[in-house]
Structures are given as structure tokens and as C-alpha cells.
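Order of writing sets the chain letters: A, B and C. Residues in each chain are counted from 1.
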Amino acid sequence: MSVPLLEIRDLSVQFGGVRAVSRISFDVQPGEVFTLIGPNGAGKTTVFNLISRIYRPTSGTIRFAGRDVLDLQPHCIAALGIARTFQNIELFEQATVLQNLLIGQHTHRCTTLLDEILFLPAARAAERAFRERVERVVDLLDLQHYRDSHVAGLPYGVRKVVELGRALAVGPKLLLLDEPSSGLNVEETDDMAFWIQDIQRDLGVTVLMVEHDMSLVSRVSDRVLAMNQGEVLAQGTPDEVRAHPAVIEAYLGTPGVHA
Amino acid sequence: MRYIFKTDYDQDIRLFKHGGQKFWYGVLGIVLAAAPWLFSEYQLAQLSLIAIYGIVGLGLMVLTGFTGLVSIGHAAFLGVGAYAEAILAARGWPFPVSFAVAVALSAITGVVVGLPALRVRGIYLAIATLAFGFILEEIITRWESLTGGNSGLAVAQPAAFGWKLETAPQFYYLCTLLAIVATLAVLNLLRTPTGRAFVAIRDSEISAQSMGISLAAYKTLSFAISAGLTGLAGALYAHKLRFLSPDQFTVLQSVELLMMVFVGGIGSIHGAFLGAAFLIALPQAISALAPHLPASLGSATGLQPTVFGLILIGFILFEPMGMFGWWFKARTYLQLFPFYRRGMFRRQKSFQKSDRLR
Amino acid sequence: MQVLQLTISGLSQGCIYGLIALGFVLIYKATETVNFAQGELMMLGAFAGLAATTWLGLPYWAGVVLSVLALAAFGLVVERLVLRPILGQPAFAIVMVTIGVGYVARGLVTMVPGVGTETYTYPAPFKDEVFKAGGLVIGAEHLVVIGTTVVLCAIMFAAFRYTRIGVAMQAASQNQLAAYYMGIPVRRLNGLIWGISAAVAAVAGVLLAPITFVHANMGFIGLKAFPAAVVGGFGSLPGAIVGGLLIGVVESLSGFYLPEGFKDIAAYVVVLAMLIGKPNGLFGETMRKKV
């Protein structure tokens, strides 16, 4: 067993009297696709927000590649190699798709302010390099048609893909996907499944995702963790978790039974 | 119909996207260079003022247009730059050095004013800048030993190492040159990570952070650059006016600067200069109009604010992109001819998004 | 004793700031717009009252009522003509429109031939009466200001919290699209709140007029009312009044005890101190986007 890329131990956060996340522990191995499932309000996105340091946990630890991240500011997380998408799409609406993707490359900035204001050859070379890397993401996600479109006018499905592209443009080791297929139709969900597999196989990126579409989960995930009301219900391969009685009762339900 | 066939990333990175742009900006450059021979001394002075206000507009555009931080106290930075330059020029400092000091001082003031931006947003930040504007104005008025207070401060002409800039054409060239340098600096910023970070902060602070952009660092930088540019304009302004007094840098001026930038077209570089041209031309257009109005109306002191306010309201109602919007639509029409459709820029019905939840 | 005297005049001045701030907060609570023309609306209210009493010869109370009605109508007209067409544009654009409206109002009043550039005194029946209480001298107009402010604030607070219209307005400010879906007549409510806010401004103008004088630049006091609203927490009606009172008292005391010049900037120092200590004001709500 290799060193886990992400280690979460006894993670808890409390908002007032509400225990949003309660003593969650799990590991994400490098190169795998790990999915969090569970009903709404189970705390899945809260776990993401804790990893992104948007929230501060009341107890527990988060280690990325052996390093404790709890003492970091939110903007330092991307430099470590963790990128994320947001459940309700947080794109830069007044900018073009290309600019959104280029902003994703921000952590790779190697020029100083003076280089940039004077646009010295170093800055120009850096811009070309950014553009080249971003074009690979555009190529992977078939966004060529939308490069220069302003995000504000794009359809929902395309915006979801741009959100994914922007996270990929960060060049992450760990990708946090928050409900990648929500709001997508069958064909778009299919595309998303292929992309997640490509990301895992070809790019070597580890994926931690939150998802409700169980067919997508079974198709792409290596391991699954089921949560409910902030606590762990079950953990294992997709089939194991699907068959787990507690998970069935809290989340999946059985066909033909109405409570 | 112009179609640009892209074969190289440099085509997107370059400032001039195609030959037509190079040609027209070249013509503009030639006209600007030949101005002392083409225009009268009065018109040259107006062009210098447009350059100066254009630099202020650039500064305000960086802060409000590109980073989304509204500032209602920007005249204070203009004042800091102007007084710094006036005081140093009186002590005989050569103007390149005193300009640099004025810029640095304004930038530092900008950092201080920007401190609230790290904790508060939206209207709260705007009121904080308003508060700083009033306080700085009061400091200028009360610190009489340095600034001469309400009795004012005379300003010498720009001088460096024995060389004096005495004539209008010389001053005009100085202003225009600095305006061009400032424009290039801002354009360069926008095509590099720093400028993109500003835009990211404007549109979504949370995802800017998740992309690795430090809000504190970049907001402070935006304030510093914006104030620095405005301070440079202030230094030039001091030499233009030849006499400074605190009532030239009031909050009312700040509001007019904001209006200028809005009428010009917020979020665009052209908007800074179009707005500046508008601000300079307005009083003259009104006085040209005055003879045609009934005597009481034409000579009234209230005519200018009324016209200014009506034009501002008119732009917001009918052309939110400002004067830049007209120019952009005209250019698009010519580029796409004959395929331009009137509905291309129609605004979609939108609903207000709550600013408290940004 | 001196302190008490200063405090009372500070409270009364603070109530004026608070009344104007109340107008701001009313509009902000209902539409999330900041109305930079509130000071100018107050000035128009003072002029309307002046016109009614001095030139039409009506008694004081008729002047007040006329001013309130005239300004309410004006507020409705401004909302209909200028704000309704731009509903949905970013907040900054709407703020600029209100700045424009303020400029136009000030410019038009200044342009009225013979009248606009003059300063007038406002005839009020209680103008010269004073109350003496244990060594304190309190002008009657100060008491009227304080009393009216308290009453108005209480009415507005109750209206927003307990009536359906008040709740509907708050809903529209937080999520306009959803408010439309729920059948809330957003545009009509916007018109209503602008009318009410303009009426409050008229009351402030009529109350301020006997204390300062009536002139076209009266509206600049509005710039001091902004710190009041921020100190109280933009979005809180009692906060607007409390903020105004705080600033009024600090101003009054600093005018006496601190060197010259501090009185003018007292309001702004207070607001900066508040933004450092409690960024959302005394009663403001901390809202945060949930991602």
C-alpha cells in the first residue's frame, strides 16, 4: 500500500449546534477515483470545503502528500496541487472561456510584477507556455468552439465542462469534483464519464468526487464512501457499498418499497 | 468583413491583433506627435488635460473596472500626487525624481486606503474609501506648514538638471508620453497573470482563491497600482494648474471621476480616455450652447451638473457600456459588414443577484 | 453639564443623520440599491415645504404634509422613469444612476431663476422656544427632531418585520427572480419603497430646515449619513438611527474638545473604526455565500 495522497482523520466541523461533519476518516490512494455519496445535507460538499480551507474544522487532520494542510490559507491549496470544481458553478462570468482557463494556470506564475508591466521576453514566453498547456485542456474537453465566448452567455452543460477545464488547467495532483454530472443529460454524463477515466489514466490525476448518479459512480469509481448526516456509513468498492444495508436504508432505497 | 485566421498563439498575446489596428493607431500616433503644429495652444492645453485625466481614468479603471473595488475617494490620491510634486519641485528636485516620489507616495497611500478592502466588500468598502477621501482632504487643509492649507500652494514649472519645460508643446509631449506609457503598462498587466487575477477577484472571490490567488495580496496591489497611476496624474496636474488648493481634491471631484469613467465605458481602456475627453469637453459644449438658451437658463450655475447628471442617466439607461460601447458597436459593424445584426448586443432580461451573497 | 448639553445637541444632529440614513436603509432593505440621491431628496423636501409655507402662505403643518406628499410622488416618478428600466443591471450601475439623479436635482434647483442660488430661513412655529431643565437649555426644534425620528423608526421597523409587504420587500432584495416566481409584484413594491423613502427624506428636510437654512447644497449632509448607515449596519433600520446618534454625539463632543478640523471628519473616523472592529456594523448581518 503506497503512501495515501490524501489522509483525512477524525475530521469534524460544527456550525453552531449543527454537526455538519462528524469524525470522518478515509484515505485516497494516488491514481484512484474515490467517490463520496450520500443524501443531500450529508456533509459531502462540506468535506470539500474543509479540504479547500474555506471552512475551518473543529477537530481532526487533513494531510496531503504527508503534509498537514490545516495551517494553510485558502489560496495556498492550489499551489500544493489540489484543484476543485464547485457544485453551483463559480466561473468568472465576465471573462472568456480561454481567460477562465488561463486563470487556472495562476499557480504556475514565474514572472515578477515588473516583468509583466514591461512585458519582457520572460513574460511573453510564460504567456506562450500557459496558452500551450491550456490548449491541451481545450483539446481534451472539446472546447475549441467556445474559446473566445464570454462565459455569461453559455449553456449550462458547456459551463460545467469549462468548470472542469479550469480545474484541470491548474495542473493538479488531486482533483475535487463536486457533482460533475448534476444538470447534465445522458449524453453529457457519458462524456463526463469518459473524461474522468481519461483524467485518471492519461493524466495520472487522482480524483475525489461527490456524485449522486449511481451509474456514473459504479462506472468510474475505484472506491466509494457513503455518508449520512455527517458520519461515515460504509466504505469499499462500489458494489460493496451499494449492497450495504445501512446505505440502502439511508440513501439508495429498494425497488418497489415506499416508506 | 474581416476574418482573422489564427495560426500562432502570439496573435492572441500581441497587443495589435491585425494590420488594421496597427494602421489606425499609427495614424493616431502621428496626429498626436504632430499636434503642436496642427492645433492652437489652447487646444494643446486641452489635450494635455485629457491625457492627465486619462491617466486618472486608467487608475480608476484598474481598481473599479477590473478588480471590482469601487472607490469614491480617488481625488485624494490625485491630491497626494499633486502636493508631493508641488512641494518637491519647490525644493528644486528634478522632475523625473519628484514624479517617481509622487507615484510612490500615492501608492503607499493607496495601500493604506486599501486595508479595509481586506475585511469588507461592496458598499462598505465604498464608504471606507469615501471616509479616507474626506480625511485626506482635511489633512491637506490642516497641515498648513507643508501644504499652505486653504491659502494654497504655487507650483513651479517642471525642471530637471537645468532644463525647464516652459512651453505648452513641451508640457503636452510630457503628458502624452506618460499617458502612452501608462496605457501600455495597464494593457500589459491585463494580458498577464496579475491582470487576470484582478478580473478573477472581481467576478468570484471564492474561486479566485481556489485558483491560488491571494485576495489580500492582489487587492492591495490593485489599490497600489491604481493610486500610483492617479498620483502620477496628480503630479502632472499640479504643473498644469500652477496653483493648488484643497478644494480641488474634494469628494465631489471623486464622484465626478467615477462618473467620468462610467460615461467613458467601465471595463475598457478606451473608456478612460473617452471619459476624460467627455469631462473636458462638457463645460465647453455647455458654454457653446448657452447663447442659444434663454438668458436665465444659459448662464445658470446649475446647468452643468444638470447636464452631466442627465447624460450619465442617459448612458446607463440606453448604453451601459458607455462611449466605448458606441465605438465597439461601430467597429463590430464595420468588421462584420454586411453581417451585422441589430440584435447582436441586445441585453437579455436579467434579474438582480444579491450582492451580499457574492 | 457641558458634556450633557453637547450630547443633547449631538443627539439631535445625529437624528437628522439617522433619518437620512433610515431612508438609505429602507431602499437597501427592499432593493439592495444604495441611493446616493437621498441627501438631494431631503433638500427637495425642504424646498417643497418652504414653497408651501412662504410662497403659498400655508400653515406649517400643511407645509409638512404637502412636502411629504410631493416627495413621495417624486420618489415614485423617479423609480418608474429611471430605475425600473435598469432593473437587473449590476449594483454599481444603479448606484451611478442615483448619483446622476442627485446631480440633476441639485442642478435643476440651482437653475430656478432668482431662487436657486439663495439661502432661506424656514418658518417653524416652535423655532424659538426653548426648554430649560436643570441648567440645560434645549431648543424645541431639537426635541421635535428626536421625537419624530424615534416614532418613524419604530413604524418602519414594525412594518418591515410584521407586515406581508415588508417581508415581501426583503425577499425581493435577496433573490429577485425567486420573488417574481412567488408572485411578488417586485416593480410595484420598488415604487412603493422609493415613495416611502422619499417621504422620509422630506420629513428630514423639513426638520432640518429650521436648524440649518434651506439652500441647494443642503444635500451634502447626506454624505455624513452614509457613515451613519454603515456604523449601524446597512440593512438594519434601528441601526441607522443608532449609527446616526453615535456619529452626531461624537461630532458634537469632538467639536468642543478636539482641535479644529476634527469635527468635520469625526463621522469618517468613527466609520473606519467600526469597519476595523466590527466590519458589518453594530446590527449588520454577516451573510456568506455557500458554495
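Here, a residue touches a chain if its C-beta (ideal position, glycine included) is under 8 Å from a C-beta of that chain, and two chains touch if they have at least 3 such contacts.
In this text the structure is predicted, and so the values were computed from the model without any measurement.
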| item | value |
| --- | --- |
| Label of the chain whose CA centroid is most distant from the centroid of subunit C | A |
| Chain pair bearing the highest count of C-beta contacts | B-C |
| Centroid spacing, where centroids are CA-atom means, of subunit B and subunit C in whole angstrom | 31 |
| Centroid distance [mean C-alpha coordinates] between subunit B and subunit A, Å | 40 |
| Inter-centroid spacing, subunit C versus subunit A (mean Cα positions, whole Å) | 48 |
| Two or more partner chains touched - positions in subunit B | 206 |
| Touching two or more other chains - residue numbers and ranges from subunit C | 291 |
| Per-residue overlap in subunit A, given as positions that touch at least 2 other chains | 54, 86, 90 |
| In the complex with subunit B, residue positions of subunit A that touch it | 52, 54, 73-79, 83-84, 86, 90-95, 98-99, 102-107, 109, 111, 113, 116-119, 123-124, 126-128, 130-132, 135, 166, 170 |
| Subunit A partner contacts - residues on subunit B that touch it in the complex | 9-10, 12-13, 185, 188-189, 191-197, 199-200, 202-204, 206-215, 221, 267 |
| Of all residues in subunit C, those that touch subunit B in their complex | 28, 31-32, 34, 82, 85-89, 91-93, 95-97, 99-111, 113, 116-117, 173-177, 180, 216, 223, 226-227, 230, 234-235, 260-261, 264-265, 267-269, 271-272, 275-276, 279-281, 287-289, 291 |
| Contact set on subunit C toward subunit A in their complex | 291 |
| Interface residues, subunit A side, partner subunit C - complex | 45, 49, 54, 86-88, 90 |
